[in-house]
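In this document, chain identifiers A, B, C, D and E correspond to the written order of the chains, with residue numbering beginning at 1 in each.
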Amino acid sequence: GGTTEPTEAQTALGAMEGSVSLLAWPGYVEDGTNDPEVDWVSAFEDETGCTVTSKTYGTSDEAFSLMKTGDYDVVAASGDASLRLVGAGDVAPVNTDLIPNYEGIFDFLKMQSWNSVDGVSYGIPHGYGANLLMYNTEVVTPAPTSWDVVFDKSSAYKGAVTAYDSPISLADAAVYLMTHQPELGIENPYALDETQLAASVQLFKDQRVNIGEYWSDYLKEVQAFETGDTVVGTTWQVIRNSLAEGTPAEVVLPEEGATGWSDTWMIAANAKSPNCAYAWLDYIASPEANAQATEYFGEAPSNAGACDFTVNPDHCEIFHAGDADYAAQIWYWSTPIAECLDGRTDVKCTDYSDWTTAWQEIKG
Amino acid sequence: MTVDASAPPTRRAVVPPQRGNIARRGSVFLSRHPRLRLSLLLSAPLFWLGLVYIAALAALLITALWTVDSFTGQISQTWTLDNIVAVLTGSLYQTVTLRTVGVALLVTIIDIVIALPIAFYMAKVASPRAQRILVIAILMPLWASYLVKAYAWRSVLSQGGIFEWLVSPFGGHSPGYGLPATIITLSYLWLPYVILPIYAGLERVPDSLLEASADLGGGTWSTLRLVVLPMIWPAIIAGSIFSFSLSLGDYITVNIVGGANQMLGNLVYTNVGAANNLPLAAAIAFIPILIIFAYLAAVRRTGALNNL
Amino acid sequence: MTGAQPAIRLTGLTKSFGSINAVDGVDLDIVEGEFFSMLGPSGSGKTTVLRLIAGFEQPTSGSIALRGQDVTDRAPFDRDVNTVFQDYALFPHMSVLDNVAYGLRVRGVAKRARHEQARAALDTVRLGGFADRKPSQLSGGQRQRVALARATVVQPKVLLLDEPLGALDLKLREQMQVELKELQRSLGITFIFVTHDQQEALTLSDRIAVFNEGRIEQLGTPAEIYERPASPFVAAFVGTSNIFDDNISQALLGRSGTNSVRPEKISIITENLPLVADRAATGVLAEVIYVGSSTQLIVDLDAGTRVVVLEQNDAHRVTTNGRGARVTVGWNDSDIVALTAPALTSRP
Amino acid sequence: MTGAQPAIRLTGLTKSFGSINAVDGVDLDIVEGEFFSMLGPSGSGKTTVLRLIAGFEQPTSGSIALRGQDVTDRAPFDRDVNTVFQDYALFPHMSVLDNVAYGLRVRGVAKRARHEQARAALDTVRLGGFADRKPSQLSGGQRQRVALARATVVQPKVLLLDEPLGALDLKLREQMQVELKELQRSLGITFIFVTHDQQEALTLSDRIAVFNEGRIEQLGTPAEIYERPASPFVAAFVGTSNIFDDNISQALLGRSGTNSVRPEKISIITENLPLVADRAATGVLAEVIYVGSSTQLIVDLDAGTRVVVLEQNDAHRVTTNGRGARVTVGWNDSDIVALTAPALTSRP
Amino acid sequence: MRLSRPARGLLAAITAVVLALIYLPLLVVFVNSFSTSQNLTWPPPGFTLEWWAKAFQSEGALDAVLTSLQVALASTAIALVLGTLISIGLQRFEFFGRDAISLLVILPIALPGIVTGIALNNAFRTGLGVQLSILTLIIAHATFCIVTVFNNVIARLRRLGTSLEDASSDLGAGIWTTFRLVTFPQLRSALFAGGLLAFALSFDEIIVTTFTAGSGVKTLPLWILDNLFRPNQAPVVNVIAVVLVLVSILPIYFAQRIAGAEKIVR
């Protein structure tokens, strides 16, 4: 743990400590041990002399509780964890001046609500993507353009609908409700008052009877789409790309828009190796490393220069990297907190623990 | 005994007297103080189990009486019964508890029903050689990782998977992902843990009792019902402790093949992992602890606890 | 002991375990109502014969008939014989009463009726007060009687007993022998009794079959077996025997072949008690062993062999001299038993 | 059998298990070099006394001295006695040789030396060729001898034997009795032998202690115990006895109190063999039991009691009439043993 | 028991069918390890040795196997010592509270792993304030492994009785010598069997491991969990599983050999 007092950002770099410990999504920190061809860590180690140990996590929530152990210097956090980490005082502000590669990052990713607080940067954007809608082209016809296939019209695919297994998914419903029930007045899917949340919950409860399974790891969803156990539901671009050739599935960014994530490399408030941590943040933001990591994981890179280094020359295009319009349709994951993110002051918004309880009850 | 005449009645060789080294003096001392011997034996393990385990459990239960700050994730040590009350009254917890206990019971019953004939065949019918091979065959799958096996079942039970392929000629369907799949997979995972104690229990039933029953006119079923079953009951209970408690706490299998369902383990896991609400998780953990204690208390009399 | 059909007829009964012929072509008729014993050393096949009759084993060849009916292929629960096992094989999880009532229970007798019959059976073995105990709470002799009650309550035609007294201590064994004999008389059923204790077999049986290596070596009444053993094996196995080979026989008895004389048929001839004996021999008293009711005297005869003499310590016993004394022993020709036909002296 | 100090002295030895007094105030001196037997029914405390002497149990009260040295508080491995266990307790994972050499090994005797001594010990029990076998590859009698060799190789002053022959079959037991006795003679050490077989005790022992309910009921030589039993218990337990209570004694023997006459001391008086007897009684022959070397006759006397008569089937035996015949039995006054002091007739 | 031929046949058939069912998923795993599909889909679209090649080059897998071996060996060793001590204490002595202790031993396996996991996690981190590491993991595993050793050893001790130990001390051996030369050799196969089961439990344990392993500690199940979520790794996991099953034949076979040999001796 740490204190809730904001710590000061570092102003200058010191000597490398010789090691750094990272916490990240699977596929963000690859050192060749799993596949000798996939390795961007060794280069960093050679360059800086910082030995990397890493641990992966499966959900943002796991990342949040792991950071509480104080074992990690650096974390790659999605928006639904980052603010909580800041709030809990587990991470420190990041002085972007100490990170030369910060310059190359797409502007629309900088100083956003999920990576900064009160104008203070808490990290470096890594990669981003949208939570898309995937459907089986043979079963789901005509090709959907709206989220209604998984909500109001989901009964047509009873038992073959899927959704991402996390409380943050409630934002998907909120995005849908922004269009379909404007009277609720949802401005930001992460700032829901009790009525708004109740409406989202109801949407999911109605959907629950048609759900085949929820997914939390992408292997599960890949399998389910390949076998046909699941025909429609939320997904990531990378899942679509992993499907076996010939699998009749397509993804779409529905007209209502979508939620998404933009991950941020953050530094622990009481990091044991802050200098190696800064070195890592700079390294992973470099066009080469950023390209390797985001391509391997399957998301858009954050560094504009990365598109020149991807193995697949079309990678940036496939993942809509740098497409500001596309990015504008995405509501990046943010942690819901009691103080409404949309600026309302007349009501109290529901916070993440409310969402968690609601999600458990939806699953039942 | 024709004693060797060449051996003189004065003894053959000199047997040295007992040696008086430290080990020996220790032995002498200890042999006079059985209580000390007992405390030497038990202090290390009791220290371990008491300090590591019981203290940890107690601490966990105390945690259930605290709360957590939802935004910072800090536990604040103010005493409250909120979590306990929430768990006791929340309909979510009741539903999930019922579902979990139901799954665990079904898994246990299925495993016992499957294990009985196999264990019987192994212990009482198969030749010693076949017996040995069968034990190996039962033990080997234990070494394929739990996760790998669970994913394998996911594949088997998927649409167009092997299961469907096997049963469709008979008009059957794969149950798909859901509680039935969970029950099948859990039964599969814990089956060896149930077969082994029952097999050991059957081995301890002397053949002469089975013969005595047949001799008195008991047919196969009478013998099984009246003699074999009551005698291996403790072994069955022992096996059931494995399948029941392992199922009760599982959250991974249900995630993989359970479709949209969740069990008690998921609630605990979500609350500790996702919601970072250890006090609530601890309160939920009370449920399986109570169930297991009740179960252990119920079966203690059968002597099953000596048969695990 | 009438009836055209024997209670049990074994015909060419053979049982092999791998290369071992545990039972080797046994032909045997057991008469209805008799107390029949099988006597023999360990491993001679007695238990196997019993298990074949009970149906726990299938014969390799040969057949088994109960009262004229071939039962060779029937399951144990389909045969009208019951067994008292050497280790009793009482069901440990049932009370004594339930153990005894078991045979009735599996025959579908109602609870009340079967408990009544079981209690009656327990009374006959004098265990009326032990109905509610578990077998583990009984002593060896009591267990033995429960096993008897359990086997007899279903009124079998034939009762098989495999060394039922083997695990009991001597005193108890003697007492149970009497009880067994009385039970058999009162029930009037056929007992087939396996033992390796010749004393027990002699005491209890109407007829005895002496087994050796899977075959019947001799079949007869106790007196026939004891007094007229048909082979050196029987003579040595049943009781103590002085066995004389051809040479010694010729010298001592004036007969050829192997012959034997029982120790109790030999007497020490003293001046005080000049018993009439057909033959006499002199020797040195090597050992005097006090056995309570009698004394065993071991005499090294001058003829170069050692004989055992048994003298009862009865009212008229005259104390014999101690070890080392010269003695004369005597016996009658009628007590000499020829164990083999005289060897043919084919040498010139 | 000399020496001022007894090999073993038990003083007020008591051992309780919960409320059971397994051993109840036993005082006993065992002389150096004697073959001493403890005889008694199951549960009479024989094994417990042995285990107390060996040190496996601690007495509740009383003391144990070996050659004058108090060893009550010593651990088993600190006492100069060795035990041959009823189940032999051979170490199954060691070869026969290693079993025998074990006692030397734990005393630190070098491998070569201890193997040599162990081989010598095996030779004395005629198992020289079996050194490399595992105990499981031996027969019961062979195991018994290994246990003997193992216990004797460390040259104990006293050897404790707890029913060492109990698990052997009759024929083998008789043979091992002879061997045991010879071993004891040749080693010249004290044997304390536990058995419930009175025949065995009578045959082997220099002295016998008869146990009953944790106490010594009688202590004496075999002949004393058998011929002069001190109590009805001893009379009944050691051999078969005809025991007459006060009433019958007065009528039949003209004595008061409880008295007994051994069956072999009673004879059937026929016209053919009119033996001289001090007293005679008439009765009906109820049962004739053939026991091979002798015949047991059970006679229901007109006086209202039943007596057992043992007649040796010797050369001079005259066949007695069958069951139901009227017979006269006779005995000498000198063969009557008073088991209790005559009851005081305090009634007016 | 002499069963009728049809009854034997039926039993044999049931056994065969269940064995087939037991091996069906393993067959799937085996086949998938040669499948060109990366996602364990059935039927496999094609054959490849790529995953086997990758598996044997995968340092991560090798490290994980080594870590698991380390953890399993260490916790088995601890469990062997503690389990033996408890069983001797409980079997060879009479004292008040024996039942409570035997219940205490069973508890870590009887309570669901997640309870044990969060309890220990909480105790280590907040109670004792130590960082999770391979040591905390070993402690946790040893705790629930004790019971398998305990059960095997106490059953053996019960069957063994005290007569061999009596004989040994009668022949002059002190307490330690008796244990070393007589008791321990008699316990060996029970220790082996209990240890094998403990090893297997620890080697495949994931739930407790999740909560008690330190950040740098990756046991095989954790590695597998990670790699199931990583692109292109799922089939490699299958290869590892197949290899483990095959390798496991050896210890099981030896355990059987020892047990079988002892059965004959007894």
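We adopt the following convention: contacts are C-beta pairs under 8 Å (C-beta built on N, C-alpha and C of every residue); 3 or more make two chains touch, one makes a residue touch a chain.
Composition by chain, UniProt nomenclature: B, E = ABC transporter permease; C, D = ABC transporter ATP-binding protein.
Since the model is a prediction, treat every value here as computed from it, not as a measurement.
Looking at subunit C and subunit E, the chains that touch each of them are B, D. Counting C-beta pairs in contact, the chain pair with the largest number is B-E. Measuring from the averaged C-alpha position of subunit A to that of subunit E gives a distance of 38 Å. Annotation: 39 Å between the Cα-based centres of subunit A and subunit B.
Separation between the centroids of subunit A and subunit C, computed from CA atoms only, is 90 Å.
Centre-to-centre separation between subunit C and subunit D, using Cα means, comes to 24 Å.
Each of residues 219, 223, 227 in subunit A touches at least two other chains. The multi-chain contact residues of subunit E, meaning those touching 2 or more other chains, are 2, 4, 40-42, 169, 172, 174, 177, 225, 228, 234.
Residue positions of subunit B with contacts to 2 or more other chains are 18, 27-28, 31, 151, 154-155, 158, 160-161, 211, 214, 272. For subunit E in complex with subunit D, the touching residues are 163-164, 166-174, 177, 181-182, 185-186, 264-266.
Those residues of subunit D that touch subunit B in the shared complex are 73-78, 103-104, 107-109, 113, 116-117, 120, 123-126, 153-155, 178-180, 182-183, 186, 188. Those residues of subunit C that touch subunit B in the complex are listed here as 54-56, 75-77, 81-83, 85, 87, 89-94, 102-103, 105-107, 150-151, 154.
Residue ranges on subunit B touching subunit D, taken from their complex, read 1-4, 7, 9, 11-13, 15-19, 27-28, 31-32. Contacts from subunit C toward subunit D in the complex involve residues 41-42, 139-140, 169-172, 174, 196-199, 202-203, 222-223, 226, 237-240, 262-267, 275, 277, 289-294, 310-316, 330-332, 335.
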